[in-house]
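Common to both upcoming complexes is subunit A, partnered first by subunit B, then by subunit C.
Showing the complex of A and B:
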């Protein structure tokens, strides 16, 4: 006879995996269910960025800083390699105007605990020898790091499995089971029922659909992004290098196509080029304008890339919530339902802190940081009851 | 019945190709026929490997021969990562052994 479950986590991406890791580590009996495979959605389409540099002081930055220290711990605790690398970020400004904005941003970030060092124009190429000449300057963020996202999700789940967590891939949740009083009592899948007093919505970009199954509104929308992969190259690019304009693109609410270059090398040789953002639903069509702009911007930043070929492009759908903050914590509208989704393009980076907050909330422990700004019902206009 | 002595593919199909031309592999002249792929000219010259792998420096040549496996990459006229099995040979082409990613020159 199997032990009765305490928690069913819907979604085997990196966020669901981190929830499973921290929940099972605190002694809870956990099952993770996903209609696809581990890291088969947005996690598998990401670059594995663990960035503090692109976040302004506020709740998301606090979450990112906590996550940064948790990823460092995890890279030592997990028994297999997740390609964790503290390579640092280098944000570059092309004009004096954008350098001024970047320097102001960096100053406020420093006040919030971010390490940020000004890099003068003449020193930029010491940090990145192949950068274009005549850039105005930049900022070095040594805390920026990365992991291989699919590996990270898989290793978190493997470790959770060692603490007894069950993994049910290829099993689609088709309904949320409720008690007569409305509290959740598990999920119905296409094959079976998984009964537990707690259900965690870690369905990422599809988190709105799962919330709807429980009868609540959570306005998660897909925000499409393309990544270009070049042919393998020598290690030409050392940091995560991106243009100062990236920060404003990330925080923009526009549906139109935005591109700002994010360029980095990989251990196996190919250079990855992001980042585009557009709200076009779940359209999987290759967008030539988007990838052409990415390629041109990357070559402007690194002229050495101009004659290098792109082998392929792939896309993913970031789970976007209107205020760019994730939904983390219990849903007051449905007892037993917890949300851990809507991390947009920062889900890999924010996963461990999210998992820790969820595990603490389920166990009734004091949260390590204020979860108020991530309240899942903050978009609900129907319940402004005083 | 007439006996045939077909030994080469060209003889088997009674091909009458245009005149052959010269190209080079690592500076040494080899011969090509119009319509041949780079890999075919290399094989005809008895050359089976023209690339070394990125990590262990192991020799590679044509494997699938139909453009799918990317094992036959070569540097042709200075451009690395050309699939020798798909690229038509042209007079004067300079094929060079591709070492690793073929882009060592960029890292200077």
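Showing the complex of A and C:
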């Protein structure tokens, strides 16, 4: 007879994995269910960015700074290599105008605890020798780091497994079990029932569907992105390099195609080129205009890449919530239901802090930071009738 | 004959009535048939000369006076080539050799845009517009890994055949041919005719399995006769035919010196203690073919799982895919061989004509009925053939932990098993994400089947969450230079 479960986590992406890791470490009995395998959704499509540079002062930046220190701890605690690298970010501005905006942003970020150093035009190529000439300047963010996201999720789950967590891949949740008073008592999958007083929605881009099964609204929408992967190259690019315009694209609410160049090397050799954003539902067809723009912008930033061959292109669907903040914490509308989803393009970076907040909330411990801005019911107008 | 409004649109140089991708047997038959019926056709092919993998011929000047000696049905190809040349001269077919299509895109008006790379270095770009699309993208060889398969001297069976056809080079003097499928017999014969000694042909299945479907065999007397003819010729050439056996190890320091051949059971599990060495200096190995589906998947066409364990484009009787305006013919719709490819190419072209014009002339309609009948018969045979030679589930037992499965990224069977057993991977995509298997130059074309089988053994074929468990997705059908992609960008 198995031990009764305390928590069922739905979703084996990096957020679900981090929730499982911190919850099982605090002594809770955990099961993780996913209709696919580990990292099968947006985690597997991510570049593994752990960024503070692209966030303006506010609750998301606090979460990112906490996560940055947790990832550093995890990289030492976890037993296998997750390709963690504090490579640093280099944000570059093409014009004086965008450099001014970048410098202002950096000043406010510094006030919130971010390390940010101005890089003058003539020093940019010391940092990145292959950058295009004639850029106006940039900003170096040494705290920006990277992991290989699928390995990180798998390793967090393996570690959770060592603390007793059960992984149930290939099981699709088809319903949320409720008590007569409305409180959750587990999930029903296509194959079985898993009973637990707490259910964590870590279903990422599909989190809205899971919330709907519990009868609540959580407006998670997919925001598609493409990544181009080049043939393996010797290390040409040292940092994560992106254009200053990226920050405004991230925070834009527009559904139309936006692209801004994000270029980085990987330990295995290929260079990854992002980032596009568009709200087109779960459309999986390759968008030639989107990848063409990514290619043009990357070649403009790094002329050396022009003759390099692109081996493949892939897409992912970022879980987008209207205010670009994730939903983290208990849902006051359904006792026992917790949400940990809607991290948009920052899920890998924000996963450990999310997992910690969720584990603390389940255990009734004081949260390490104010979870108020992440309240899952904040979009529900029916709840805020005065 | 009623013509649709679509056909009354003026012919323009920028938009063909039909684009055919691939100039192998199916694509050639389709292109010339469509042109015979007055359609303006653009034929794109990655090779310099038409014929595909099957009718591959040496470039001029290599002194091969009788290329037909290595081919079956050469006169058919000669006739198709002549018709292609005539249509090319009259302008009915625009033939674009050395054009590798990397994706197909549907324009707002429903036309298709085919993006290709071309030029000697593959650094030129080309975009072709067409109202309809016919995919005759063929197949590539399916490989299974085994200990020692990365040693020099081990070549693919189809590769050995291709080397003979295009350059008349032998991979060795004493060549063991192994794997499974009817291609092996043809390869062994070609090798002996080119002067090599083939001590043994190792087939993992048993030919006796064909006898389980006597009606299908009776309907395909030509296929049976061919098998018997090949068997007799091989025996005459001194080739020993060993069935229910597989190469389970390869010996040699710098290159192949011998192979170990073991008996396998019905599930292809090697039987311990049955290994026997055969001296050789090369091994030609193959496990049948797998359809090339990149463009069909990119166009959004549905696929089906076939009896041989591969995926193929889903087609109706009229060779229409699940996407309106897109047809497919030949190996892309399921491995079936050259005769079927020729039949389907012609049938698909007639289907295109019928759909455009709301019907076809009586002679063409009669022809279509006969082709349909042949297709049904040949498809039944290819399904039987696929089932007979489908790798048994026990093949992976001949792998050792350090056998490389993905050669491009040097991923061993042991690492794939760890990803499945310790990290919960149960499908190709997750194994790829956790190990990099399939991320290298060949993009999983070589190891894809093996990785899928190894993962399925753990995850029983579950999808990777977002992606259903279909064929591998390769949105870029071939590598493309960044500058080539960048050239397509519209000014912001």
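Rule of thumb we're sticking to: the second predicted complex is superposed on the first by the 386 of 386 C-alpha atoms of A that agree within 3 Å, B and C clash if a C-alpha of one lies under 4 Å from a C-alpha of the other, contacts with A are read in each partner's own complex, and residues count from 1 in each chain.
Heads up, the rule we're going with is that a residue touches a chain if its C-beta (ideal position, glycine included) is under 8 Å from a C-beta of that chain, and two chains touch if they have at least 3 such contacts.
Because the structure is predicted, anything quoted here is derived from the model rather than measured.
A.B. asks: Can A:231 be said to touch subunit B (first), subunit C (second), both, or neither?
C.D. replies: both
A.B. asks: Just subunit B (first), just subunit C (second), both, or neither: which does A:41 touch?
C.D. replies: It touches subunit C, and subunit B stays clear.
A.B. asks: For A:183, is the partner it touches subunit B (first), subunit C (second), both, or none of the two (neither)?
C.D. replies: neither
A.B. asks: Counting only touches as set out at the top, which of subunit B and subunit C does A:309 meet: first, second, both, neither?
C.D. replies: After superposing on A, A:309 lies in contact with both subunit B and subunit C.
A.B. asks: First (subunit B), second (subunit C), both or neither: which does A:291 touch?
C.D. replies: So A:291 only meets subunit C here.
A.B. asks: What is the contact status of A:151 with respect to subunit B (first) and subunit C (second): first, second, both, or neither?
C.D. replies: A:151 contacts subunit C only, not subunit B.
A.B. asks: In the superposed arrangement, does subunit B or subunit C reach more residues of subunit A?
C.D. replies: Between subunit B and subunit C, the winner on subunit A residue contacts is C.
A.B. asks: Touch test for A:112: subunit B only (first), subunit C only (second), both, or neither?
C.D. replies: neither
A.B. asks: Which residues would you name on subunit A as touching subunit B in one complex and subunit C in the other?
C.D. replies: Shared contact residues on subunit A: 231-232, 308-309.
A.B. asks: Which subunit C residues qualify as touching subunit A in the complex?
C.D. replies: By the definition above, subunit C touches subunit A via 103, 105, 113, 115, 123, 298, 300, 409, 419, 422-427, 429-430, 433-434, 436, 439-441, 443, 459-460, 462-467, 473-476, 479-483, 485-490, 492.
A.B. asks: With touch defined as at the start, can you tell me which subunit B residues reach subunit A in the complex?
C.D. replies: Going by the criterion above, the answer is residues 54, 80-81, 101, 103-104, 106-107.
A.B. asks: Would you mind writing out the residues of subunit A in touch with subunit C in their complex?
C.D. replies: 12, 34-42, 44, 150-151, 154-155, 157-158, 167, 169-170, 228-232, 268, 270, 273, 284-286, 288-289, 291-296, 298-299, 305-315, 317
A.B. asks: How about subunit A: which of its residues touch subunit B in the complex?
C.D. replies: 231-236, 269, 304, 308-309
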